[in-house]
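Two complexes follow with chain A in common, the first pairing it with chain B and the second with chain C.
Moving on, here comes the complex of A and B:
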């Protein structure tokens, strides 16, 4: 009996991954065979190049080195842009499959809610990894052309960005599951991103304003305290914040910090993907 | 093959499927009929595990869906009524994706075989978005048959098809049946079900109205048997004499030579009638039993439910 159960479970797990892989291949192929993703990566790298150019010009002008890792910020911009774009694409993909009824056709076959979402997740993660190779080539090219040092830290940072992309893609999938229709899912996605990002930016602005002014009003101090509290809370749930903290750990070679935030981001990704699957199972493919 | 016990599904205060019991035998073509809103699609959804029943269970191949979802679904070909495809893929790419999903051995050969059978091979590299309704319907059936399933479930398989397409699907279904595939057809096109199904069930308001062989349903629904006789000669006073026979319930003349005689439905009365007519000097040119069509049976069996449904809806509107 136990043996039968074990072999049955093994077959189910095998079937799960087989189906997820088929969904993944379809999704990643349809994205990789279109120009959109390459154009987006190019735009991300263009922005990174401009930022790097600005940094280097400022360095030359001021005759000082403004950063030990001049490539960190440009790379952060390009990987964040790419990860955010793939998260939006994953969200649209899940919503559209449900809107068009093609998901219903899939679940009549050997695909269920979990295999489908997992397939979409690994599909977009695969695309991220492939685009990361292009970014890596760009980083190597830039360091070679500008005589910058390509350190191991850059490689670690790029590899760590895979986790940020994973968490953001899982977040995109969760918003699609919650939102239902593609438009609602996108509104969900951007409202959450803007609210979380907005609070963190507002916190920084208010802090700078307070530091600059000689006398601060009570309401201003209250606002700063409220924003600080919210911002430190957001730090725990935002993959982007965790990634920047990880980068701090890499830049300062404080590996304990790096691994702590890496673990947090791993938990975030798992929580988002499992949460998405559970909600999807409860709502069903017809919403 | 499929065993449904006390299957129930409610949406708010509306009971879509009400303690439904069905049993579909291996290798048969089973017609699943009912008026609009009878609960057919809801039942199919529950059989496939897409909707969770509020009561009862559906067993496929002796198992409940959650016991082995991948194993069970791998043996089923489901062709839904809605024509939802990846329009940006060609038919070949689309079928290759499903072949990979179902792990079809020699997928290219199987895809070509089915596309050729349905006269779609010449359009295999055309985007599905450019397909007509009929072509999409055929493609859906091909997708359902791609992995040679043991059980084929079709929801309105011939709607939107031209007569040529209908014949192609019918032939395909009969070939599948000969191969041993169990087929469940839910359709509004009763003439099509009549031509292919071995057994039929009719549901209305989520409840089982009747489940039997095609012949039995037609007879039971009519509540009588009809015999048509063609006579060479005319005999005076024949009609009252026939009406007086204990097994005759009605006599009508179609023309001077042809009579339609209603008899009791308990057994076949052609032989008895022949003896009586001969005794009265009638020379017969022909005699045949008339069968009620499935459509007539369907209307007879479901009209009270449809009327109830209309009343329910009107009542609901008035309450609103």
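Moving on, here comes the complex of A and C:
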């Protein structure tokens, strides 16, 4: 009886992963064989190049540049851009499948809500890993071209960025599940991202305004305090903030800090993907 | 017309984007100013040793923990003062001029719930010479405080006497010069005809606080708590606080890096794994300093107990005294390839052009003291990379003194942009090979 139960569980798990891998292959191949993702990676690296070039100009002017990891900021820009784009793509993908009714057809087969979302998740994560390989080659070429010091921490940083991408993709999937239609899902996604990012930017602007003024109204001080509190709260839920904290840990070799934020991001990703699956199962493929 | 409409709509867009900021800025400038209300409160005045000098701060009621350095004498004073909240900085400030009263009592230091030390207030003074505060700092307390303060007063009186004497001597000298000139009746005079000018009195650079009362103590690293027991046996309200006594985490060497062409804009290489980059054919001067790493929050809050931005999970390097006596070595495959001693340099205004400086070897003719003492490194195409370290008198490499110094290929801007096209190249290859493989598929039947 026990043996039969164990054999049944193994078969279920095998079937789950087989279905999820099929969804993954379908999604990742369609993205991988289109020009968009390469263009996006190019744009991310172009932005990174602008930052690096700015460092070169500053070094020419100041005759000096001291840095622990000169590639960290350029790489942060390019991986954040790529991860955000893949999250948007995952969100559109899930909501479109539902809009068009193809998802309903899929669930008549061996695919269910959980395998579909998990398949989409690992499909976009696979694309991120493939693009990360190109970014890694770019980082090594730049290191050689500019005569930068080679550092294994670059590799650790890039590998850690997979977690940020995973959290963002899972977040994209969750917004698709919550939003239903593609347009609503995108609005959900961008509103949340803009509100989270906007609060942090507004916090900085108001702080600068207050510091620059001789006197301040009570309402401005209240606004600054509210933004400061919100901002420090957002730091704990924003994958981008968590990743930058992880990067601080890598740069200064404070591995405890690194692993604490790594664990937080892992929990975030799991919560987002499991939350997405549970909501999807409750709502059903027709919404 | 079309262009005008476009320009108009662009203006509208810019105004719409800027409007929230303009409103915010107007709110800041036009709203009524905040007038702080102050009230009488118990605080601890702190004189904390930061590794070099004593820093003054205070811990108001909202500061729950005081941070101090381990193994060094620090001073806490129990006081009543006027405290007001300053909204711009979100901190409490003390108006010591309005009120500065001692609160009598004994300071109890606890570890867990057990009182480990009971301290009585005692007089103390902090003194230093402003020419070199680090080397001359002195915390004198107990009976020594009176002696140190008396000595300071005596030195100040001697200075004032010398200054008065100089003023009188100079007046006499001026009168004598006037007399000689008037008696000469137009006859030519030489320097030998004049008396020598009196020597100026060097500035008085000794500083001393007035004798004041405080609890002087040094503790080993650890977590403690403190409270003030009043003469009636009760605990002073607001005097119970946490006390974190911290110590350095690591010790290393930092370098002040001075580019030969940018003497006025040096930078600091503090992180032991930081890399120093400079353009090709540049000369750098490296001045080593002792540095210690501390917990960021502990160190920052020792300087300012109300600081809120530091993080407990981060560390920071703090540079202290210049490190002298070491020998710089250039490492090759982990072993010393070259070694050279620190050299004294003098920086003078460039004579060849209106702007700029020249860094020359110090020979004593230009000034009584060199501008700095350090090590010179020339970065050339032949020597594009150095692995440097400092060696002690006993021949061992000082831990944390290793750095990489590298030529940065600053002329590589264009190839750098070309490398950014790598994803497009990869995408082109992937898509073309995919199309080729799809074309090869033959559908039979």
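Throughout what follows, the second predicted complex is superposed on the first by the 277 of 287 C-alpha atoms of A that agree within 3 Å, B and C clash if a C-alpha of one lies under 4 Å from a C-alpha of the other, contacts with A are read in each partner's own complex, and residues count from 1 in each chain.
Convention: a contact is a pair of C-beta atoms (placed from the backbone, for glycine too) under 8 Å apart; a residue touches a chain by one contact, two chains touch by 3 or more.
Bear in mind the structure is a predicted one, so any value in this text is a computation, not a measurement.
For the composite obtained by superposing both complexes on chain A, the positions of chain B and chain C are free of clash and fit together. Among chain B and chain C, the chain that touches a larger number of residues in chain A is C.
Applying the stated contact rule after C-alpha superposition, one finds that A:256 touches chain C and leaves chain B untouched. Looking at the shared chain after the overlay, A:109 reaches chain B, while chain C stays out of its contact range.
When the two structures are aligned on the shared chain, A:42 is found in touch with chain C, with no touch to chain B.
When the two complexes are overlaid on their common chain A, residue A:148 makes contact with chain C while staying clear of chain B. When the two complexes are overlaid on their common chain A, residue A:131 makes contact with chain C while staying clear of chain B. Vectors from the Cα centre of chain A to those of chain B and chain C enclose 170° in the overlay, to the nearest 10. Per the superposed model, the minimal spacing between any CA atom of chain B and any CA atom of chain C is 7 Å.
Chain A meets chain B in the complex at residues 8, 11-12, 15-16, 18-19, 22-23, 25-26, 30, 100-102, 104-112, 284-286. Of all the residues in chain A, the ones that touch chain C in their complex are 32-35, 37-39, 41-42, 45-46, 48-49, 52-53, 56-57, 59-60, 62-68, 70, 131, 134, 137-138, 141-142, 145-149, 205-206, 209-211, 213-221, 225, 248-249, 252-254, 256-257, 260. Looking at the complex, you find that chain C touches chain A at residues 21, 24-25, 27-29, 31-34, 87-88, 90, 257, 259-262, 265-269, 271, 273-279, 282, 284, 313-315, 384-385, 404, 406-410, 412-413, 415-417, 419-424, 426-428, 430-431, 434. Those residues of chain B that touch chain A in the shared complex are 48, 50-51, 68-71, 73-74, 76, 78, 80, 82, 84-86, 88-89, 97-98, 100-103, 143.
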